[in-house]
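Heads up, there are several structures right after this.
Here chain A shows up in two complexes: once beside chain B, once beside chain C.
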Partner chain A sequence: MKQQRKAALPRYGEYNCALKYIVEQGFETRCILPPPLSRHTEDLGARNSPDLVCTPFKTTLGSMIEALEAGADTIIMVHGACRLNYFGELQEQILRDMGYTFDFVNLSLYNTGKKKDILRALKVINPHCSMVKAGKALYEAAQMVEHLDDTTAMYYQNCGFDPSGTYPKIYRKFISDMYAAQSLADIREGYRSACHAFADVTLHKPADPIRIGIIGDYYTVMDPFSNLEIEQKLADMGVEVHRLMNITNDMLRSGEKNKQAKIREFSEYNMGASSTTDIWQAQNFAERGFDGLVQVKSACCMPETDIMPVLANLSRDYAIPVLYLTYDTQTNDVGLMTRLEAFYDMLEMRKKVTP
Partner chain B sequence: MDGEKMPAIGIPRAMLYYRYGALWEHFFQSLGLSTVLSPPGSRGILEAGTRLAPDESCLSLKMFMGHVDALVGRCERIFIPRYSNYGYTEFFCTRYEGIYDQARNIFRSSGQRFITCNIDVQNGSPEAKAFEKLGVELGFSPRQSRHAWHEAARALEQQQKTAEHIQKELAGKPGMKVLVAGHSYVLSDPYLGRPILDYLESAGAVSLRADALEPETARKACARFSPTCRWITSEEIVGGVLLWKDRVDGIILVSAFPCGPDSMTNELLIRRLKGKPILTLVLDTQSGMAGVETRIESFLDIIRFQKGEMV
Partner chain C sequence: MNTGNAFLGIDVGSISTKAVIIDEGNAILAQEYIWTEGNPIGAVKKLLGLLEKQLDRETWQIVGVGATGSARRLVGSIVGATVVKNEITAHAVGTTTFHPDVRTILEIGGQDSKIILVENGIAVDYAMNTLCAAGTGAFLSSQARRLGIEVEEMGQYALQSAHPTMIAARCTVFAESDLVHKIQMGHPREDIIAGVCRAVASNYINNVGKGKKICSPVVFQGGVSKNIGVVRAFEDLLRCPVIVDENGHLMGAMGAAILARRSLKRTHFDFSVENMEFVTRERNCGGCSNNCEIICVYRNGTLIDFWGNRCEKGALRADKA
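After this line comes the complex of A and B, so read on.
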């Protein structure tokens, strides 16, 4: 009998807990978790990637290499609306050229618009997998993603105002609970205890704190390693950090059509991939009176570059400052910190002048 | 312009104009509308575009914005179609999707009017319907618009057939043959790609173009080679390379900095095509011809050496 597969997906923020849940509970396949992203991952990826491809390609490639080194024999890759759709095929070719032997399940290949084809991909991963179990796991993983996004949002909005330092501990415990979860009950229990623990902490929040909204490309904005923990850095300065861009808001509870109608003045049609969501979120932050916006994008990201003129107009119309940040594999902490501090100082001064 | 009437429609001579331009021009012509084209690409146009477009966007988009800038105030409306997709698995680079809205935002303060034509099959707007809507918006009946589109589509097909015919004749010529692969709007642009083709000619090589093939045939070839490559223009180029590769001595991949689809498809071509000399040229706003010429010259030497013409 063939040995059981050891499947792996590249690292993507903390969402690997949900991906692991689907693979283990749904497809009943062993899931190898690649090591957390590091400089080493990025170097590995960048060394073996084409130069002009966007940074997420390099990071995910590096993570795949680390997964293979950690013993995985099957790599699963997702698809998307931009270049992401082509990531899988090129990454497979690069890994094979490097000499690795493995099975590659490229979901982009099965993404033909017919639901039947996606089911075929499941049968490739595990021919004996039960559709009922897979469906159930998918639903439960979606719940996990919602809880994760919810907790993350709560964390970054408040952790800058917690002098006791218990917030990070609660958040880390919640994340490890999610990785360990085996059932829906585990997921709900982890979420509930995190909520209770957050509620018990006394916050020292001023009546009108500086609020910054973060938007950006699908990978970089959601992955703390890739954006050099920008949310944590801002929160540590005493900022209420809001990020609407997450899997929950963009996929699970989408409402794309209404968004396009609301931003009609700036963008009549979808400008590709995450752009409609991004523009809508920027407008939403501006209307709610936020102090500033930060656009987080990887170098060479096509849709995010395209919306820069839109954001510039939005910034003018709503009189809201925007900080444009581009991340490549060379970006370091110090340069980012300088820019964030300058941006923060400017917002603080502005707040004093304009009540 | 006093007394004189401005042309109704302005068409930027950049990006997809080099792929679908015949369709657009014939469409407006058969409706009896006057059109004006922006001047051929030049250094000045690129510089104007570089000032207007976001710093990180691709060279072709900067060129495009320069062309739009050259048309502002010289026509009633500037025509910028939005090409999104022809179905679930046939789509375009996100840049063409956003280009209309991007131009609208960049030129917002100029007061210039724009008009688009939204080709987006996934959201219920196929090409025929999109052009019908465009015609109606310009004040013609749906019937007239449909008729104009049919004629225009025939003209485009004819143009593609002629281009393929010319290629086949070129392929029959004696001498060293080099296949130049790149987006039509890079290769046909007088400032970006033309100098490369001209230099090849002056160096005694016959240059064939990967993008001058009947699109359907090229895309079928690409689908077998790289099943998840679903950008229509890239499929056409990759397919062109595959179909011509055995009849040429070397391949030059020309790309504009930092073209998204090219960064990946070119890498795949280099990795999967063995046994043919391949040269990759990436053009950017800085590129002078001297560096490019040196690289092509040594590339041609390699081919000659391989063929045993140079010892």
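After this line comes the complex of A and C, so read on.
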């Protein structure tokens, strides 16, 4: 009998809990969780990647190598709206050239727009599993992602105002609950207890705190390791950090309709990938009276680079400062801290004179 | 004896180290400007020695110390600073105190350059160069060396030129090869120098100042503001007068001193730091795969501060060190 398959997906923020859930509960296959992202991951990825490819490619490649080293024999790679569609093909080739033997499930090849085809592609990892069961797991994982995004949003909006230091503990407990979840009941229970625990913490939040909206490319903005924990750093300064860009808002909930039409004043055509969404989110933050915006992007990310002039116009029209940050495989956060501190100081001084 | 409160501000940059001592009314009591020469601790000690001679210690007592610049953390822990602030905020505070009506602050230092937009005396937007040192003081220094002149003389040469040479300013590497090419083609030296100055100014406006509305009055500071050639180039490109304060190079230190004055924290600073021995040591934490590089600072053999660790694991290790 063939040994049971051990499937893995590269690390992507904390979303691996939901991906693991689909593989384990839906396809009844063992899921290998790559180690948390680290300098070692980036080194591995950068050494084996083309130099000018964007950083998420290098990070995910490094994570795949770590997964293979940890014993995975099947790698699953997702697809997306930009170069991400070609990531899988290139990464598979690089890994094979490095001498690894494995099966590769490249979802980009099945990207027909029909959810059924994605399920059919995933069926490769366990041909005997029931499609009904897989569909159910997919639905439940989507619930998990929604809870994860809600909890994360709640966490970064409030953790800067919790002097007791209980917030990080609750959040970490919630994350580990999600990784351990085996059923929809587990997921709901974990979410409920996190919500209750959050509600029990007394926050010392001023009536009108500094609010910063974060926008950026699909991977870097959602992955704390890749953006050097920018949300935590800002929150620690006493900022309410908001991020609309997450899987829930972008894929699961129908969300805002006709974004392109709503931002016509700033940009008439779609510039690909997350560009339209980002501009709309920036406009949304500005209209809600936020104090500042931070754009988080990977070096060599074309759509995010293209929207910079648009953000500059938006910044002028709404009189909202924008901090543009570009991330490469850097390990030192001193330069980032200088810019964030200065940005915070500026917003604080501005707020004092313009209520 | 009547002792007045004085405030010390130290700005340790990559190239130069600046310090001022001011009184409650922002009047300068002592000031000094020396080269960092890759040794921030040594530079600060030397600087404090020079300041001590200038200050009338009978009359003034330093009660607040502010540190800024890229070595602010290190220097802050050595001198026991009451305020440690990033250089962007320090420059904005310093400049708006002396030029309350300023709208735009251009700043070009040794390794970095920044623009700060000001409205009603408050910084409202800023930008800083990223990833690349093109168009900074380091570029000017290396080109001066290539042309065989001192970087301080560049401005005077540039003023003699009537037809500045066009030099590609996008990137230091391309600018340099373009410059070599133009020299070998036979362009006169003063035109080349004027071209380099213009390249610095246009690079700045196209990169750091991209998308920013530059309004007059414009104040230009940082080491490069001492180069009259670059000042003229900015005036040509911006079509407005560019103010260069004679204390422009001290604005970061001034800002740090003013922030120390505004903060409520007080200390009793004497110049004993000069005679203490400071050692820094780098340790790799090794607690996890991040392998954080932790910098430990020792004063006369005892650990006084450390940083670089991302989690508490590193903190424990530094204590044991």
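Criterion: the second predicted complex is superposed on the first by the 342 of 355 C-alpha atoms of A that agree within 3 Å, B and C clash if a C-alpha of one lies under 4 Å from a C-alpha of the other, contacts with A are read in each partner's own complex, and residues count from 1 in each chain.
The rule we apply is simple: a contact is a pair of C-beta atoms (placed from the backbone, for glycine too) under 8 Å apart; a residue touches a chain by one contact, two chains touch by 3 or more.
Keep in mind that what you see is a predicted model, and the values were worked out from it rather than measured.
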Touched partner set for A:T326, first chain B, second chain C, both or neither: both
Partner chain(s) touched by A:R339 [first = chain B, second = chain C, both, neither]: second
Chain B versus chain C as contact partner of A:P35, first or second or both or neither: second
Touching partner for A:S130 - first (chain B), second (chain C), both, neither: neither
Touched partner set for A:A312, first chain B, second chain C, both or neither: both
First, second, both or neither for A:M349, with chain B first and chain C second: second
First, second, both or neither for A:F266, with chain B first and chain C second: first
Which superposed partner A:N284 touches (first chain B, second chain C, both, neither): neither
Residue contacts on chain A - larger count, chain B or chain C: B
Shared chain A contacts, counted only where both chain B and chain C touch the same residue: 299, 308-309, 312, 326
Interfacial residue positions of chain A with respect to chain C in the complex: 35, 38-41, 299, 308-309, 312, 315-316, 319, 321, 324, 326, 328, 334, 337-339, 341-343, 345-346, 349-350, 352-353
In the complex with chain B, residue positions of chain A that touch it: 50-54, 57, 79, 81-83, 85-86, 88-90, 93-94, 97, 106, 108-109, 111-113, 266-273, 275, 299-300, 302-303, 305-310, 312-313, 326
Contact footprint of chain A on chain C as seen in their complex: 70, 85-89, 92, 120, 122-128, 130-131, 210-211, 213, 288-291
Chain B to chain A touching residues, read off their complex: 54, 56-57, 82, 84, 87-89, 93-95, 97-102, 104-106, 108, 116, 118, 120, 226-230, 257-268, 271-272, 282
